[in-house]
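Two complexes, one shared chain (subunit A), two partners (subunit B, subunit C).
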Partner chain A sequence: MAATTLVFLILPILVVVILSFDPRRYLAYFPPAGFTFKWYQFLITSPTMMGGLVLSVIIATITVVNCLVVGLPCAYCIARRQFRGKELLLNFLSLPMLIPEVVIGISLLMFFTRALLYDSLTKILLAHFLFTFPYMLRALTATLVGYDKSAEEAALVLGANQIQAFASVVFPLIRAGVIGGSIFAFFISFDNTAVTLFLADPFTRTLPVALFVRLKSYSDPVIAAASTLLIALSYLIIILLEKTVGLDKFTGIAPLPGR
Partner chain B sequence: MYANVFKHFGNATAVDNFSLTVNKRELLTLLGPSGCGKTTTLRMTAGLETVDSGSILINGKDVTTVPIYRRNLGMVFQNYALFPHMTVFDNLAFGLKFRKKTKNETTKLVDEALRLVALPGFGDRYPRQLSGGQQQRIALARALVIEPEVLLLDEPLSNLDMKLRRKMRLEIRRIQREVGITTIYVTHDQEEALTMSDRVAIMNAGRIMQVGRPREIYQCPNSQFVANFIGEPNLLHGRILSANREFVISIDSQRKVIAMLQNASSEKPASVGDSVSLCLRPERVELNEKSIHKNSFAGEIGIIEYLGSFVRYYVDLGRGLTLACTRQMGLGEPVRSLGEKVYIGWEPEDCLVLPEERTGEF
Partner chain C sequence: MKRSSWQLLLIPGAALVGALLVVPLVMLADMSLHRYVPFAPSIVVGGYTLDSYLIFFNPVEAYLRVLYDTLAISLYSVVLTILLGFSIAHFLARTKHVRMRKLVMSITIASFFTGTLVRVYSWVIMLGQGGVVNTVLYALGFERLRLIGTDTAIILGLIHSSLSLAILVLVGSIRNVDPSVEQAAWTLGADPITTFIRITLPLSMPGILAAFVILYAWDATAFLVPMILGAGTHLFIANLIYDKFMSTTNFPMGSAISVVFILISLLFFSLSSALAKKLGRTTHD
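Let's look at the complex of A and B:
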């Protein structure tokens, strides 16, 4: 059963990867007519594509930083303190996960226009922060809630002051959540197409937007090549994660100490 | 030493005028039901909770306002609170980092601590690789390696199963004696308190009810609460009819109990007409076919609980009165049967007259 599901999920991706080497100038039927790297060559030499890639990376990175700066204090308060309306606040902050991207895109565009904010890069950065924040918050809160406060207290009794206790005990334990949340946020921002499409202009095109725009005129395997590259990148990062941090930790299931 | 310590949480008084002196090298247990303030007191000693009023002194030094990390205490938490991302060695060495030890000194001290808790060579393992009992011992080692002035333990055995608990009880006591450190132990388990402590302080609702050696507390409880908390006594309620050479107490319209005058424990002496509680330990009553004792009542065996090394009989004496009797089973001794008619009896010196709980005095 599991094998069938796996095949069902992977097969389409496999087709895309194989077609990216197809020399035919259109996305033709399987099987491919030959083998070539020319689409990859095109990608790497195209200024729009490479520029888009660089821009995507920059935007994603800034978004992650923003999310962390706002998210860490938020997560700490949510995990540690009780206050009225906490449930409500949490649900409210999670809304962007539920609203369709197109809706977010259109409403933001209207909002920014009314607010006389025309700079595309700023708009994109604000928007990306908006819909990546819930994921970062969740990852951070999950780790903070799961970790045991008494380890911090033990450090204090043993002679560490607040800062030392935080650095040597708390931070290493939430590091998993921080990394996990960051990776999540990075990819959500990097891959985002719909919202960015509404807010981009011809000079600020992220990679997904650039690909989308190209797709309107050409339907050649370049898109397949780009997809394959992105898949490879994601795969690499996941492997890196597993080796360094351990996948179970950043999905929010931190082991309780002392058991 | 605690002097008039108070602690409030909002409207609730968690610790109420707590005054106690803990002697050097002794193991004193704070015993009481949940919410009685014992853990709060312990945490105040460590500095993890603030003191609202009163003072705490360690070795004559007032530490009430000293921050946690300067108090030089060792603490073992209920869930051990080991650092999961550090090896056992690093866990133990953690406290030493703040005490200016050289690398050699640290290694030596850590090794000694591991030997003390009977886990030599465990330095390279991670906490998650250890069993519950081992983690417990590492937590203890971590608290002791820094050579603190006082050792604090917060219900450290609650997470272990019965057998392990019994074993660890002895271990902790052995280690505490070997190091000779003043120790404060918090628990709600009376068996732990009785077997491990030099002295026990029983707490309820933030106050100390009684302090003394385990034997004193068991045999001479000063109140219904203490009597009830330690062991499983029979408690009879009644009113004093006369108090000449001995107490005559009526427990209901037809039955009377005779108790010794000097068994009463309270500041104010009892007088005729007072409501009292009679504490009667199940192991001090006997079951016989005839009425032998000065206090003797006829009844029927209602429930029998067989516990292997001893048997508990619940004897129904009619009109809603039931008394429990436990007997150690000797070799070949037969277990009585349900419904058997017996006399349950005891001598006046086997029961204890205590103030009725409502007023706290006679």
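Let's look at the complex of A and C:
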């Protein structure tokens, strides 16, 4: 059964890859009629697509940094300290996970308009922070709860202050979790379509939005080519992850509610 | 060292989320209580009214139907996703072949990272009139099926998009089931199926419950999958809200639907939190 499920998982993606080489202009007819690179050529030379890609990467990176900067202290408090209303706080901070992206997009649009914030990039960055933060927070909390505290205690006993202990003992231990959470957050931000759709303007198009717009107008293999490139990119990152952090550490980092 | 200064660390997070989330939602709730006046010069007209909510809950209108569709179709998807995901997660948690495990893990994670748009698109290719399934059917002599626009298509799309997440969540909790307990069952004479039903399954229940909650939230708030694979036949709540805001510009109605859905989600979330606590174990600590 596991094998069938795996096939189920891979098959549609494989089909997309195969069809990205199809020379016909209209997509969705299965056996491909030939082989060509022209869609990839179009992609690389298209300013909308390439611009979208660059923008998405920039936004995702900034979002991850924002989430880390705000999230690490929060996660530390939640994981290591007891205080009243901790459960409530964690659930409150995870709220964006529960709300449909459409609702987030629309309500933020209303809010930003009334707040007279018109700059698309700022709006997108704020929005991406909002819905990425819960995932980052939960990943970091899970990591900070799970590491072996006795090493840190040993350092403190031997005379290090809190900051020294953190830098030389705690940080290397949680590094894997932080990297895992960051990559997770990066893709949440990178892949986001619905919220960004509401907050973008014609000059600030991220890649998913550009692809979505194209999907609505044409149905050509350019999208298949873009998809294949993104899939290749994610495989590259997987390989990178495996070499640096080790894939096994990735499990248990996914966010869990009800804690 | 000051004793209470660490609480300051929480302030940026809470403040930002508070500002970005609470304020817009309050505005949304406010909007939902106004009257809908088509073509009015300004969006907010007139006094406060519960009209939108009354219309929503009126059985004659189609809104409750959409709510039902969303919750029912998501339920089917989540159950199937957990079943399928469990098979791979169990393999990943228990297998001794390191290379196979790494391979399957990379496929899972890579699948997780392929974007929603790509995924939905790939299912259009799989299920479309000229797509994979229909080409095979036609070649074998059968009639082509209309698959896009059915709830089956939506379910397939939802399963495919949440499967990797399910696997990642479940692996952690299956790993936490001590293999020696399973081995004890074997030495006492239980066959694999009995062991699974009476030992492994109950012990991984917290993880399964956690997976259920997060997958259900993920599926019920889906937007692209029901929109493209459902082709308008089975609207999900997210599509309905989008339509109200963008097509008919009925902001009060759109806001009302959003508020109702958020309240339902909160209820669901807290019920499952309570249930998880009752089950006793957490999967991390």
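Rule of thumb we're sticking to: the second predicted complex is superposed on the first by the 240 of 259 C-alpha atoms of A that agree within 3 Å, B and C clash if a C-alpha of one lies under 4 Å from a C-alpha of the other, contacts with A are read in each partner's own complex, and residues count from 1 in each chain.
FYI, a residue touches a chain if its C-beta (ideal position, glycine included) is under 8 Å from a C-beta of that chain, and two chains touch if they have at least 3 such contacts.
Fair warning: this is a prediction, and the values are worked out from it, not measured in the lab.
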Touching partner for A:208 - first (subunit B), second (subunit C), both, neither: second
Subunit B versus subunit C as contact partner of A:35, first or second or both or neither: neither
Partner chain in contact with A:227 - subunit B first, subunit C second, else both or neither: second
Which partner, subunit B or subunit C, touches more subunit A residues: C
Partner chain(s) touched by A:156 [first = subunit B, second = subunit C, both, neither]: first
Subunit A positions touched by subunit B in one structure and by subunit C in the second: 255-259
Residue ranges of subunit B in contact with subunit A within the complex: 46-48, 67-75, 77-85, 94-95, 97-99, 127-128, 132, 135, 142, 146, 159
Subunit A to subunit C touching residues, read off their complex: 1-2, 5-6, 8-13, 15-16, 19, 27-31, 70-71, 73-74, 76-78, 81, 83, 87, 89, 91-93, 95-104, 106-108, 110-111, 114, 126-127, 129-130, 133, 137, 142, 145-146, 162, 187, 190-191, 193-194, 208, 211-212, 215, 223-224, 227, 230-231, 234-235, 237-239, 241-242, 247-248, 250-259
For the subunit C and subunit A complex, residues of the former touching the latter: 1, 6-7, 9-10, 12-14, 16-17, 20-21, 23-25, 27-28, 31, 84-85, 87-88, 90-92, 102, 104-119, 121-126, 128-132, 134-135, 160, 163-165, 168-169, 171-172, 175, 207, 209-210, 213-214, 217, 221, 223-224, 237-239, 241-242, 245, 254, 258, 261-262, 265-266, 269-270, 272-273, 275-277, 282-285
Footprint of subunit B on subunit A - complex, ascending: 148, 150-151, 153-161, 164, 168-169, 172-173, 255-259
